[in-house]
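First the structure, then my questions, so here it is.
Read from first to last, the chains carry the letters A, B and C; within each, the first residue is number 1.
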Amino acid sequence: MNFSFLHFFHFNYTFQWGVAFAHLPELLQGAVVTLELGLLTFWGGALIGLLGASLKTFGGPFLRRVADVYVVFFTNTPALIQIYFLLYGLGDIGILWDPFTCTLIGLTLNAGAYLTEIMRAGFISVHRTEMEAAETLGMSVWQRIRFVIVPHIAKVIYPALANFFIVILVMGTSVGAIVGVDELTGQAINISTENYRWLEMFVVVAGIYVVLTLIASLSLALVGRWAFRVKAKVL
Amino acid sequence: MLERLAMEAPRFFAPHNLALLLEAMGMTLALTVVGCVLGFLLAFGIVFLRQTPGRLALPIRFMAIFYVEIFRRIPFLVVTYLVLFFIQAFVNNASLFAIAVIAICIYSTAYTADIIRGGFESVARQQTEAAAAMNFSRWQTLVSVIIPQSWPVILPPAVAFAVGFIKDTALVSQVGVFELTFRAKEMNNEGFSALLVFGTTALLYFAMSYPLSRWGRWLEQRLASSPSKRSQQRLRPAHRS
Amino acid sequence: MHHLQVKDLSSAYGPLTVLKSVNLTLGKGEVVALIGPSGSGKSTILRVLMGLTPPTAGEVWVDGTAIDYRSAASIRAARERMAIVFQQYNLFQNMDVMRNVTIAPVKIKRRPRAEVEAEAVRLLAKVGLADKHHAYPDELSGGQQQRVAIARALALKPEILLLDEVTSALDPELVNEVLDTIRGLAAEGMTMLIVSHEMGFVREVASRVVMMDKGQVVEEGTPKQIFDTPRTDRAREFVGKILRH
């Protein structure tokens, strides 16, 4: 039997897990940055999403168009390109922002587009009859928004929001590593360039991401059950 | 600024450059299609394994569930790096394209598996029971009864995932594959203005992603009709009973 | 020798006992009806026989051959000899009538397609659906679907036919067409085990009636015996309630 195909392989890699675990503190620092980036992106995106959804639902034809173009553009182009555009493109005009800021703004604009659609689904779900009932009860517009619309919408879109937060956390923030942000993946790259234990580092990092997202999912599901009585999937 | 753009534009949009960008777009689409189609097929395998009955098959079921739950929670960039380093540790002269495709495959299998499982579970249990009562094997039931009834529910989200993945292939540029983002970065490094380069690149991604996502939505609506209507859609309507 | 013999059959779902030591026999060509309130385990017996629900104790023989429900091969053998028609018809939604009827004999039993199709045409004519070969289940009424389901079961050439409340899901106007089909089968000498709520029909077609309650056989006898002169209190109570309308 011809075993020459084995020349493709070389089995002389020795795993050194100790090295990877020795750098756990630095990795966890990176994880903190990941969470920071994730939270800032989410809330910033949520504000944009609220604005965009409002424009799409209540705005005139021009404003609706603007929101549409924004959403369509940012949901059909990669976040990485958006970040490159900010990081290198603005540099051409003389605006020099650091990688973290560019990543934050890029991801926020990106997230805002997706969140606009999520929020809009929430807006649409409020039936006209609920609004009319609130009106006949003598509530002012502000009261209507506060006591009828927002709780209803919050409950309807909470699962989608919670899920999207996980998406941002896991997928979104890792993009920052490419431009030099010291979040979890970025830290792994930093450390690996020094000790050359890329494989072990990234396996550990993968593990941390899994743990991070499991904790986040669990917490969000519990919050959902208590605060909104939403029966979201725990895992 | 605008003068600079005006000056660069002819050089940037020269045939040589455009050809390069076009080729890179082809690479992006090739990666997406090959990776996601392979992922789709493997995902069927994962779901089939996950549904193996019997106590002896518990480890198999566990592995299938474990795989999906793990790879859905790791960022694609990290998966790509893991595949890169793992393969380079053990294989000489591994093709970067192959590494990229394997990474896309591993990632898309995990996501598509959940779509497929949802589709299979949407088929009423009674259909499976009727098949079992007639001695259909699990595989025969899957092929003759479950898949035909669940693909209208499986295909649209699977297609949407693949179309969305066109954007994620940008991350594969980190591995050195000559797809669109890699070429764009290269051109920026060569000196072209970033606004020009990344602006154009964004539009190129848009040109790939948007039409396909519209097509995906059309597909979803088309598949939403019942089997009898679907069988009549290609022919003129037959006599209704 | 009995065509079907069930001895001390028990089945449990966790802590819930669904069947308790059920004994049942069917002779060749006999039509036995299982009656009783909901949850009495009537349908469960049919499901256990077809290997859809595992028994926890007891023995089953088909024509003298014992069936071991822990063995996949044995269950397959059982399914070769018995066929079931479900309450919800359970036709394959993605196939037209002809394919529903022919797929199992062709794909599973590996009989030649031409022979199976000819047989299917004959069976569909017999159940009164000769003009519906290429209709899909969602284009048919409940009664029509149920008759296709019967044709589908008959295409398997079973020795014993199990009918699980086959008219319970139908609109009243559609019940008779299905009952007519079953009457025909009984007249032809098909061994059948029927679970039904249609007492008039049971009285007419069954040679024996078995009454069940809470997973156990309460009483058994000819239709005349069960309906006119029930011996046990439980049977008397049940018969009294159902015969009031």
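The working rule: a residue touches a chain if its C-beta (ideal position, glycine included) is under 8 Å from a C-beta of that chain, and two chains touch if they have at least 3 such contacts.
Only a predicted model underlies this, so the values are computations on that prediction, with no experimental measurement involved.
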Just the chain pair, please, that has the highest number of C-beta contacts.
A-B
What chain is the most remote from chain C, judged by the mean position of CA atoms in each chain?
A
Geometric centre: closest chain by C-alpha means
B
Rounded to a whole Å, what is the gap between the Cα centroids of chain A and chain B?
20
On a C-alpha centroid basis, what's the spacing between chain B and chain C, in Å?
46
Cα-centroid distance, chain A relative to chain C, in whole angstrom
56
In the complex, go through chain B and note every residue touching chain C.
126-127, 129-136, 140, 144-145, 148-149, 226-228, 231, 238, 240-241
Provide the residue numbers of chain A that touch chain B in the complex, in ascending order.
7-11, 13, 72-73, 76-82, 84-85, 87-89, 91-93, 170-171, 173-175, 177-178, 185, 188, 198-199, 202-203, 205-206, 209-210, 213-214, 235
In the complex, chain C touches chain B at residues 50-52, 76, 79-80, 83-84, 86, 88, 90-96, 103-104, 107-108, 132, 134-136, 138-140, 156
Residue ranges of chain B touching chain A (in the complex, touch as defined)
1, 4, 69-70, 73-79, 81-82, 85-86, 89-93, 167-168, 170-171, 173-174, 181, 184-185, 188, 193-195, 198-199, 201-202, 205-206, 209-210, 213
